[in-house]
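Labels for the chains are A, B, C and D, by order of writing; each one numbers its residues from 1.
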Amino acid sequence: MSAHDLAVASAAALVLAGAAGTALARSATRLVLSLGAFLLGVALCFLALGSPLLAAAQVFVYIGGVLVLVLFALMVVGRGDGESPRVESRHDPGAALVALGLFVVLAIVTPKRPSGIAPPEMVSPLAVADVLLGSGIVAFELAGVLLLAALLAVLVIVKSGGER
Amino acid sequence: MILTVACAGAFALGVYAVLVRREIIGILAGAELMLGAAAVQLLVAGSGEFAAGASSFGLILLVVAAAEAVVGLALIVTAYRRAKRSRIEEFGEVSG
Amino acid sequence: MSFVWGLLYGTGAVILIAGGAVVGVWWERKVSARIQLRLGPQQLGPAGSLQMLADVPKLLFKEDVVPASADRLLFRYAPLAVFAPIAMSLAVIPFWAGWAPLDSAAGVLFFLAVPSISVLGILFSAWGSHNTLATLGGVRAAAQMVSYEVPRALAVLSVVVLGGSLQPSELMDAWRWWWIPVTLLGFGVYFIASIAEMNRGPFDLPEAESELVAGYFADYSGIRWAVFMMAEYGAMIASALFGAALFFGGFMWLPGVAGLAVHIGIAALIITAVMWVKWTFPRLRQDQLMTFCWTVLTPLALVQLVLAVVVALWL
Amino acid sequence: MAGVDEFARALEDTPGGGVVLTSIDAISNWARGHSLWIMPMGTACCAMELIAASFSRFDFDRHGSIPRPDPRHTDVMVVAGTITKKMAPSVKLLWEQMPEPKWCVAMGNCAVSGGIFHHDTYSVIRGVDEFLPVDVYIAGCPPRPESLQDGLLRLREKVRSESISPSRRRTVEGLLPLPGGEKR
């Protein structure tokens, strides 16, 4: 088992543990901690798959931005008593069965990368830029439009909430 | 191999969280799990000659997921400020 | 092999930040004394330079208070969650021609991204304290740090556009002296946004002592509080070294060790300027802070970006 | 603090550990004495002198004393001014929030003995030593910053006799009951 395999395995373990914590945790503190572990694990996976740009962007956008916002929303919604707010869930065998079936199907169907092969070459940010501004220009522009729409939507939502 | 299984697990756990969680923040976290797992799987599938393309579409996926999370959180905070509620059953009536 | 290298680097970064914090606190006390017509530390060592040798053991031997209502896990490890990302961010700063400790292809983005994890540590400490003042301070810090990341990243982007690379060593190879006038506005934005990013005055609303006592670290005593202070000085050192390299060329002026000395000298000047700003300007109000970020700093950074793009295309 | 206490006890029990313990004591006492950070508990006119002490003419930062607003970060509480019965619980709470080791300086006649309010008042506490373990008393109404400086330097001498070991510490009862019963 090479160092790269070990890195991949630890990243995968972090992803799985973080996901389990996020789905099953009872207190909001644990939920946020697990979500942070999951997002960090995803960033490590990106790094192990040879995309440092995507890993840095993941840390920048998710851990520095989205996770902070989640914590922020929890602080706003769950304040009052000193306790960490509880996150309720209604566990149900049907849902578990659906999730399990999905897991089996996904694990069988999705394409795999054989383990034990050499670490992939690092994708340079220039190559990504070539794709984004070349063949992927439509998707890139659409993502920009989507971001603008999201920005306007947030402004409208927050504005209308403040009126009452 | 191991990454694919872990991602499938994370995705399934995300689906489970969306199905069983009652707090909206928990549901949003489940959606984040699914998107993250899908992004890693995209990179796994695209490693090799499509690496640059997979990376760029991973980036776009990141943008979409971030936009979704931000709008969702804005909705939660606004709903809480309006009616002091944050559980999914409490949003039964559409007209508020 | 890479593991050993990482361990070595981590130890080096912690020693560098600790040493930098010791010198930095002494220097700050001297600078602030100068500004307020005082003398500053005087008794221990020449010009009081050994004052921190008394302060650090004192903090080490202080009682380690954990409030009864605090979330113990979050409260205890939050200082580390604030400190570690800042120590990590030192890794991508280029110190030598063609060399940075971690010369990643996305190094510049790494420098902007990793310190933003420390916001999470601040929120954890604020939430873990279960203290109104700490919570208010943490919420303020989060809002401020997430907002000021935008102009800071845009300002750094203008240099990236001129250099055409996100890799620190390549960027420094491409560096030319005439970038300084082109990116001067960008440096101004970077300087102000960095001050806000490390929660120092006049943007130190998260720890405003006149209203929030000490904000998110109000309940920390002894060594844990010292780790917070070390993180603050570490952020200052990292931002100054990075800014000195990207906006002023750093080691590019002279070859070899002399270049490194020039780099550190420019960074020391930037740090002194940060302290000067802190002890001169009064603290802003929260709404002024946000308005300043979104209506002044971000447009200025965009203007700088357009300027850099025009220059890069014209070449 | 518990960890440090256990460490000190273990040192005392090992033969030859006393030498190490006294060396650590010497270092920590030197460090503590040269870095006495002030918790400014200013309630009346003495507070002006206390404030003047950290600015240009007197500048206590010269010998390492800086004021910090947070009780958790400080070592010396300087009670400067009249403490009324209504104020006393807050003073006591702030004192309890300071981490060990901590010292208390009673600055000015009011804090020493009630001062001009010693006779014929119903509302003033006759000296903070009724509920705080005072280490240094500074007379004056108000005392000049020079005398506060003298008081802090004397406190530094007192700190030299401290120890990190609980059995060698000359502890005074840290928490006295509030005069007139516990009222929060």
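Here is the rule we go by: a residue touches a chain if its C-beta (ideal position, glycine included) is under 8 Å from a C-beta of that chain, and two chains touch if they have at least 3 such contacts.
Owing to the predicted nature of the structure, the values given are computational and were not obtained by experimental measurement.
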Completion exercise
Going from chain B to chain D via touching chains takes a minimum number of steps equal to 3
Fill in the blank from the handout: Rounded to the nearest Å, the gap separating the Cα centres of chain A and chain D is 51
Fill in the blank from the handout: dist(centroid_CA(chain B), centroid_CA(chain C)) in Å evaluates to 32
Fill in the blank from the handout: Cα centre of chain C to Cα centre of chain D, whole Å, reads 35
Completion exercise
The distance between the C-alpha centres of chain A and chain C, rounded to whole Å, is 27
Handout entry: Residue numbers of chain A (touch at least two other chains)
Key = 53, 57, 65, 69, 72, 123
Practice task
Select the category (line, ring, star, complete, other) that matches the graph of chains linked by touching.
Solution key: line
Handout entry: Chain-chain contacts as defined at top
Key = A-B, A-C, C-D
Problem - Footprint of chain C on chain D - complex, ascending - result: 1, 3-4, 27-28, 30-35, 55-56, 59, 61-64, 66, 68-70, 72-73, 75, 99-101, 164
Handout entry: Of all residues in chain B, those that touch chain A in their complex
Key = 1-17, 19-23, 25-26, 28-30, 32-33, 36-37, 39-41, 43-45, 47-48, 51-60, 62-64, 66-71, 73-82, 86-87
Practice task
In the complex, go through chain A and note every residue touching chain C.
Solution key: 3, 29, 36, 52-53, 55-57, 59-60, 63-65, 67-69, 71-72, 75, 79, 82, 84, 122-126
Exercise for the section: State the interface residues of chain A toward chain B in the complex, per the touch definition above. Expected result: 8-9, 11-13, 15-16, 18-20, 22-24, 28, 31, 35, 38-39, 42, 45-46, 48-51, 53-54, 57-58, 61-62, 65-66, 69-70, 72-74, 76-77, 87-92, 95-96, 98-100, 102-103, 106-107, 110-115, 120-121, 123, 127-128, 130-132, 135-136, 139-140, 143, 146-147, 149-150, 153-154, 157-158, 160-162, 164
Exercise for the section: Over in the complex, which chain C residues touch chain D? Could you list them? Expected result: 29, 33, 36-44, 48, 51, 53-58, 61-65, 209-210, 213-214, 218-222, 225
